[in-house]
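The structures come next, written out as structure tokens.
Next come two complexes, and both contain chain A; in the first it sits with chain B, in the second with chain C.
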Partner chain A sequence: MTVVYYTLKRLLMLGPQLLAISLVTFFLIRLIPGNPAAVIAGPLATPETLAGIEARLGLDKPITTQYVIFLQNSLHGDFGTSWYTSQPVLQDLLVRAPATLELITWSLLLAALIGIPLGLASALRPHSFLSRATHAYGLLGGAFPDFFFALLFIYVLFFKLNLLPAPMGRLPANAVAPPHVTGFYLFDSAVNGDWATFRAAALQLIMPVGTLAFVAAGAIVKMTNATVRDVLDARFMAHCRALGMTSPQIARYALRNSLSPVVTVIANTYSYALGGAVLIETVFAWGGMGQYAVQSVLQADYAPLQAFVLFVAAFNLLIYLAVDLIYLLIDPRVSY
Partner chain B sequence: MTDDVLLRVRDVKTQFFTSRGVSSVLNGLDFELRRGEMLGLIGETGSGKSVAARSIINAVEPPGRIVAGKVLFAGRDLLRMPEPALREIRGRDIALIVGDPRRHLNPLTTVGEQVANVLLAHHPLIGKREAFNRAVEMLRDAGLQDAEARARSYPHQLSGGMAQRVLIAMALIGAPTIVLSDDATSSLDVTIQRQVLDIMKALIQKQNSAAIIITHDLGVVAHYCERVALMYAGRIVEEAPVRTFFANPVHPYAVSLLASVRTHAEPSAGPSLAGVRANPLRLPSGCPLHPSCPLAVPSCAAEAPELVAIASDHFVRCPVAAGGRIRVGAA
Partner chain C sequence: MSATAPAHPIPISLGRRREAFSDGARHFWRYLRLHPAALAAFAIMGIELLVTIFAPVIAPYDPEEANPLAVLEAPTQAHLMGTDDSGLDVFSRIIYAGRIDLTIAVAGVGLGMLIGIPAGALVGYYRGVAPDLFMRLMEFLQSFPIFITAMALVAVTGNRIENIIYVMAFLNLPIFVRLVRGEVLSLRGEEYVEAALCSGNSKLRLVLRHVLPNSISSSLVQASVSMGVAILLTAGLSFIGAGVQSPTPEWGVMMSSGARNMILGYWWVSLFPGIAIGIVVWSLAVIGDSLSELLDPARRA
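Right, the complex of A and B next:
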């Protein structure tokens, strides 16, 4: 019951938190050099044209008034129109957010599936070949930028071996997106029973997901390895060995007691990737959130930038709530 | 006579390879444990008592390593046994109880499960439910009140005394032949300490097993143990039946130690060996006590003394004291 109460309290806190973030974002964005009216009008525009555009955008009003208008519109689900794509921002986000979420969710799931067992196994047998290989992988995964691996995968898997389709977005050029249910192509096509599209979308996902997972798993491996080693060094684990507990029992204790920091790393990587996978999205022409945000910054496109920051903030706050609830499940000493 | 001997520890040497050098903690541990007895292993902090317990079950954690010796149990040398066979013996035949329960229990698992898991490690076919039921019974036998409910709590929800009983239950649930109790009762208050030792004593008599009681508490030794062995710098310096030891100690260190316990309020007359610590990184040559021993003769610095029998059941590692049977120190 206290858990339900705690969760509700945290969810209620979302409102004021997002309001504060919107305030800071709104004014910070306007500190970015560049006048949107000038960007829209182009270099040859007359001062009269500029003033006309500014008036149409509401930029001639006092900035506090602009903020109030922005808040009122946002509450009604209207985040404005992108000056660059000429689309309502909400519509842009509804396409791009699922694209990125589908990419990073599969990536992080795969990364956890690779990273946790590898980290655990290498910590349990610290002098084995597997442990040394894992260590090398952790270094490699951390030493190179993610787009390097992306280009490497594209070169080998697409260009040389031609095993996978061209890295040109979420679906091949001749395919049609499945009817919009969630925006996640795998889910939407599966719901529709459209297995051809499902297969095509899955094939497009393999390389970017593989790249992101390969890089993210490096951090997860390292964190799992380090925590499990600490746990194995604890007195109570030595005592378990002294009482003849079996290797599977020891491994279960070790993993369970290492879970909290590992979950934290996964959650951090996940929330970072929402905006931070921009290089991968660019290399694979993914059309995701990161690309959208960078483009908005470059074009002084205020509306999408504001909406993006709010969306990422809300997403992160929900992730951290989930992490806190997972801690509660893992560790009986935690109480809220 | 030899059939009675459950455990033979022969010249066990354990060293710790630290960054500051090699620390020789056990320097030739020798003793025997017989069926049905409780052997008190005493000595000051740093004399190697805990390492002795861990060495017996060949469970010394790095950077420690057993470098020599034999531990003979049921006709086999535990120090030369492959790990899987050792694992079966640990916790089933020879079980360790430690003090400091806060650090020896898994904080994320219920205490009932932790006790049950020891049983499951050695009898996997019992099944989880049955193992848990037996764990509850064992916890009750170890003196944990309201054991059914407590078995479902986590270590941080228990008091130190209650958590200590969990450690005791973990050791006793496998009905071990030998119990190694490493300072396991000193955190309990006196009545509970009695209760727990009574439980151990009853179990030992019932199963005709044996226990080594490692403690600082000479009162516990006097009450519960048949024999006592005193350690100094990783070796036994005197071993005797409890009565003989307390009434008639022979080794100058034993004499000094008992004197300091009896007159702990007043400073004892003359030089005292109690409290003189040997540095395991640089042990003195010969007898490690010779630099401060009032009985020391030149040969003490030259050669390490052997354990000498001065009666059929009384052994002393001091040729000088054993030879003259001289009593020294404040007595």
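Right, the complex of A and C next:
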């Protein structure tokens, strides 16, 4: 019962939190010196053109009025129109969301699958070769840009070995997207029994997912390693050893007690992956929200950018809510 | 303190300072001998600084002058790291790029520290509603994915180099505010702080003279890491076309111009600048690690 109550309470708090986010995002972007109308109009625009664009964007009204209008519109699901695609921003984002979410979800699963066991193993054997190798991996993975690994994968796996199809988009040029169920191509094609498309989509996924997972796993390894080490140094672990427990038993207890911080890292990684997706989508012409955001940045397309930032913030809130609920399940010491 | 010392203030303080310095240098050298990775990192950054300063002497070509007769040439003796798709010499550009990337990193992080450290000290020492609100805002700013924030800010301010520096400073502000605030919170209970307060120091003087210097070492550690992140962010921004613009030599821009041709097998255009970023950011991370051990008096033996 308390879990249900707590969840409801947290869901109710989402409203004010989103309001705060919209407030800060809106005013931060507006308070920055720099005039979006001037960026759109270009350096050669006449004052009249500039005034016209300002009026069209509503920038000539007082800033508080602008915010109220923005809020009212957002509540109706109207985040403005992208002047580049001439589509409503919400529609643009919704069409592209599944591509990005499919990408980062698979990346995260893979990263956790690599990162947690590696981190645990290297913490249990602190001076082994494996431990040194994972340490180096953590440092190197964090030192290079994500897109560096992406480009390496493209060169080796596509150009040299020709193991994978051309890294352009979610499906090869001759394939047709599966009928829309969720927008996740793997799921949709599997539901439809279309295994040829499933295979094609999976092959396209390998490189971008591999890149994001490779980088994200570095962070997960580091954090898992540090947490498990702390737990192993704790007094209750010394007690376990004094009782003569075997190392598999000790490893199990250590992991169990490290789970909460590790879940936090995975959550952080999820929101980090959303940022990383912006770069990776550009490399692989993925056509998701990240690429849409890049496009709006390059075109000085204001409305989509603001909506994207809001979406990311809301997504983060939901992730952290999920983390708190998972805590409740995995950590008996936590109660609300 | 030394200003009030009565007899022979100058020779004594100079002598002591020299002694403290050589002591520190010996400690530093011993640490480097025991930690080859740290030695490598400091050496790499030293070399990188020299290369950056003497770029015109070292670089064989003008970094912005394209040679249309040498487009996408593989690495040879004439072009050590090949040329890109407009005939620019990759090696020369990598050398000059350090100027832009390191300037952005140092200036951006430095500016963030200049504002963030005093702000953090004040927020840490004074209690009240305003500091609390300020901290909430800082935490809030940090909750956004950093690359997306950077991208949005550069987009709104316009992608000139000085704006990228301001954005890096802005992104680092909450990091330093929170770091120094935490240090100050833990230091304010220390005995020497209470002693300073009892001997009649004003609160502001107490924060600036006694608490702040003691919280500076963790800021230096963070600065090293932050500079690495700033280089990665700058490269990322330039890579998607929202940062430094071609033909200005910058590592991210260079990778971006090579990315188009990677699929056709022209690996050198992107690979070398990528390695440059990796080496520099790795060194900065290792230097950060070493500083945290070197500046910790408890570890000093």
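The working rule: the second predicted complex is superposed on the first by the 284 of 336 C-alpha atoms of A that agree within 3 Å, B and C clash if a C-alpha of one lies under 4 Å from a C-alpha of the other, contacts with A are read in each partner's own complex, and residues count from 1 in each chain.
By definition in this document, contacts are C-beta pairs under 8 Å (C-beta built on N, C-alpha and C of every residue); 3 or more make two chains touch, one makes a residue touch a chain.
Since the model is a prediction, treat every value here as computed from it, not as a measurement.
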Overlaying on chain A: chain B and chain C, fit or clash? fit
State whether A:Ser271 touches chain B only (first), chain C only (second), both chains, or neither. second
May I ask you to decide whether A:Ala242 touches chain B, chain C, both, or neither, giving the answer as first, second, both or neither? first
Once the two complexes are overlaid, how big is the angle at chain A between chain B and chain C (Cα centres, nearest 10°)? 70
Mind telling me which of the two, chain B or chain C, contacts the most residues of chain A? C
Touch check for A:Leu75: first (chain B), second (chain C), both, or neither? neither
Does the superposition put A:Leu44 against chain B (first), chain C (second), both, or neither? neither
Applying the document's definition of touch, where does A:Leu139 land relative to chain B and chain C: first, second, both, or neither? second
Does the superposition put A:Leu161 against chain B (first), chain C (second), both, or neither? neither
Based on the superposed arrangement, let me know which partner A:Ile330 touches: chain B (first), chain C (second), both, or neither? first
Just how close are chain B and chain C at their nearest CA atoms in the overlay, in Å? 8
Please name which positions on chain A make contact with chain C in the complex. 20-21, 24, 29, 32-34, 36, 39, 139-140, 142-148, 151-152, 154-155, 158-160, 166-167, 271-272, 274-276, 278-279, 282-283, 293-294, 296-298, 300, 305, 308-309, 312-313, 316
For chain C, which residues count as touching chain A in their complex? 137, 140-141, 143-149, 151-158, 163, 228, 232, 235-236, 239-242, 252, 255, 258-259, 262-265, 267, 270-271, 274, 277-279, 281-282, 285-286
Chain B-facing residues of chain A, complex: 234-246, 249, 253, 256-257, 330-333
If you look only at chain B, which of its residues touch chain A in the complex? 54, 57, 59, 61, 86-92, 95-96, 98, 100, 103-109, 117-118, 120-122, 124, 154, 156, 167, 170-171, 174
